[in-house]
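Across the two complexes that follow, subunit A remains constant while its partner is subunit B and subsequently subunit C.
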Partner chain A sequence: MIKSQTIGPVLVLAVEAPRLDAALAVRFREEMLQHLAEEPGRVVFDFSGVTFLDSSGLGALVSVVKRVNHHCKPVLCGLQPAVRTMFALTRMDKVLQVRGTVDEAVASLAAE
Partner chain B sequence: MLRKLRVLCVDDSPCMRDMLATSLVRLGYEVVAAGDGAEALAALRADPSISLVISDWMMPGITGVELCKRIRDLPRPNHIHVMLLTARQGQENFLEAMAAGADDFLNKPVDMPTLAARLRVAERILTLQQRMQRNNTLLAQANQKLRTAYRRLQEDMEAAARAQRSLLPKPSMTLGAAHFLSSLTPSIEISGDVYNYQELPDGSVGFYVLDVAGHGARAALLSVMLCRLLTVEAFVSKEDGITPRPPHAIVADLNRQFQCDDNVTDYFTMICGVLDRDGRTMRICQAGHPHPVVLPARGKPRVVGTGGFPVGLFEEADYASIEISLAPGDRVFFYSDGVTECASPDGSLYGVERLLQVLELTRSAPLDRMVATLQAELRGWHQRDSFDDDISVVACESIATEVC
Partner chain C sequence: MPPSDDRPAPEAAFLLAVASDLENVRLLAEAACRALAPVLSDEDLIKVEIGLVEAANNVVLHACRGRGEHSIRLSCLLRDRTVTLLLEDDGVPPDGDLNRGGAPADGTAIDGAAVLCDGTDDAALPDGMAECGRGLWLIRQCFSSVHFDSQDGINRVWLRFDRGA
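The block that comes next holds the complex of A and B.
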């Protein structure tokens, strides 16, 4: 479900689950935490492969962000319209760092 | 082999029987002897630990083949390995013997190395069978346990669902200066939608709609607990016990109480509101719950609210209330994401636009008709009998009050 690649100093985790809902939330969280086990300092979550996120999916995402927040502040990118709407409704866009594309997200981290 | 194998040796000739028995004992087996078929069957009935039979084929009375048949008819849980002794190869009807249940054949006179080898094969087969049988028993036990646990779980779920439903208010109520109408369409799996509306001491109405994230008993239990907490007392000032509290203060309290840890994310979205006593001003705090729709008596429906943090996700979340002014006949419609996220067979979501259309079309119908129409619409959209998520709606209509 998660595809990982390194761009310069940044670890990019692409979520490939068109419907990130209750059925996938637990697996999503586990796989993300596995990829983040080595505590990388700069991480991008690429959500361009997610067209729908429900409340369980959102819960899993927040739980991942909280778990890693002592070593990195993940930057999210590629939010699709439904996910963007969900983020606006729940104000996630105020607490999570969101950028447009992977390149923009990587650039924002590389500049740090 | 863990235990010494117990072999039943059947032959009408005492001499042959003794010779075979001696050979078997020498090979390390325990031997039980029988002079004919009837004795053999009696021995088998008396001693369930016999797992191997070596029998002569040609015997007066019950023949070896007939004995095979009768052994197979014995009510024994474990398999008995049967070897028949043949005088001369080729003359007996082997097919008939195998059909009767014979496992192996030995030529007479019995050659010791061959007997030893055949017995090792028999032991191997019996060991495998025993192991399989043991595993089957364990599986059957495990299966039974699972079935019991599953039934208990189902009963618990049903009890939880009943508890949850019993906490809901009457579907249609006139409170203060407003009429409230609600409905909950439960999903296949128990979920966490609850709502309530109750009159406060000063004549205003406190209400909430709430959706716990996820499904199952966890979600249901949390929703029941929240239902119990959000009483009239939670809506009024602690100082005088009368003045309604601002909705965002109530939500902020819940957010402090229900912070989830990093491992589990039990959080919920809600709208908490107070409608004042004359039904003209509604204050609401929107905490991650879908935007309410205001339906003026005249004019187009409009979506209100600017979103807000769900409850329980972030300790530092701040909440605010917004104010909605209402004229008599104006309606406000609240709903859970089960409405907008209701999926058609091809996966398209029902969405806000369709909801607004239905609400506009049914604007002049009574509240219950409006809600019933929406439910019918959603069923048509989903095209399945049961929904994947709870669908809860609460509609409120301000009514004209006599001013004395």
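The block that comes next holds the complex of A and C.
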């Protein structure tokens, strides 16, 4: 479900699950935390492969962010329309850092 | 594309029945989106899908206790500018007196259904870093009104969406 790659100093985790919902939320959280176990300092979560996110998926994402907050502040990118709507409704776009593309997200972290 | 008011609106359409499993909520959402795509804008369709998925998740997790041994039915009614989705399940009725509310205004539900929200709800959004607790809040945000009733072993939730509201 998670594909990882490193771009310069940034770890990019691409979520490859078209529907990140209650049926997948637990597995998503576990896989993300496995990829983040080595505590990378700069991380991008690429959501371009996610076309729908429900509150369980959002809760799992928040859980992941809270678990890694002590060593990094992930930047999200690639939000599709339904995911953007979920972020807007829940105001997560004000809580989490969101960029348009992987390149923009990586650039924002590389500049830090 | 915005919805066209020139299209004939069917009185009612049964969409799907599935076993009460979280994996099947996706099937309900996809059936609703297919049925409503010709009459809802993309933006409205997203809100309906989000609200329906949250409501169906609640049915599976609470009324059906997360087990797949119950069934969930989804129907859709179109009337003028109102879309009403009806979720029915044969799971456990909720505790309390949810079935003592008022009847829904559009007449698509039976008398005595409880009003879970009527568009005047001002419940607070859960904390941004909360890991749960957004489901019911989202249902209230996505629909104009929500009614609930439980009779004769069937729980029913009516989710009303006013197009272009």
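What we mean here is this: the second predicted complex is superposed on the first by the 112 of 112 C-alpha atoms of A that agree within 3 Å, B and C clash if a C-alpha of one lies under 4 Å from a C-alpha of the other, contacts with A are read in each partner's own complex, and residues count from 1 in each chain.
Note that a contact is a pair of C-beta atoms (placed from the backbone, for glycine too) under 8 Å apart; a residue touches a chain by one contact, two chains touch by 3 or more.
This one's a predicted model, so the numbers in the text were calculated from it and none came from an experiment.
Peer 1: Report clash or fit for the pair subunit B and subunit C bound to subunit A in the combined superposed model.
Peer 2: clash
Peer 1: Check the residue A:95 against both partner chains and state whether it touches subunit B (first), subunit C (second), both, or neither.
Peer 2: both
Peer 1: Who touches more of subunit A, subunit B or subunit C?
Peer 2: Counting contacted residues of subunit A, the larger count belongs to C.
Peer 1: Would you sort A:34 into first (subunit B), second (subunit C), both or neither based on which partner it touches?
Peer 2: Neither: A:34 stays clear of subunit B and subunit C.
Peer 1: Touching A:67 in the superposition: subunit B (first), subunit C (second), both, neither?
Peer 2: first
Peer 1: Please indicate which partner A:81 is in contact with in the superposed arrangement: first for subunit B, second for subunit C, both, or neither.
Peer 2: A:81: touches subunit C, not subunit B.
Peer 1: Overlap the subunit B and subunit C contact sets on subunit A and report the shared residues.
Peer 2: 19, 22, 52, 54-56, 58-60, 62-63, 66, 82, 89-91, 95.
Peer 1: Inside the complex, what are the residues of subunit C that reach subunit A?
Peer 2: That would be residues 22-23, 25-26, 29, 42-43, 46-47, 49-50, 53-54, 57, 60-61, 125, 128-132, 134-135, 138, 141-142 of subunit C.
Peer 1: Spell out the part of subunit A that touches subunit B in their complex, as residue ranges.
Peer 2: Answer in residue numbers: 19, 22, 25, 52, 54-56, 58-60, 62-63, 66-67, 82, 88-91, 95.
Peer 1: Subunit C touches which residues of subunit A in the complex?
Peer 2: 19, 21-23, 52, 54-56, 58-60, 62-63, 65-66, 81-82, 85-86, 89-92, 94-95
Peer 1: If we count contacts the way the header does, which residues on subunit B are in touch with subunit A in the complex?
Peer 2: 211, 213-215, 260, 262-265, 267, 269, 288, 290-291, 307-310, 313-314, 317, 337, 341, 347, 349, 389
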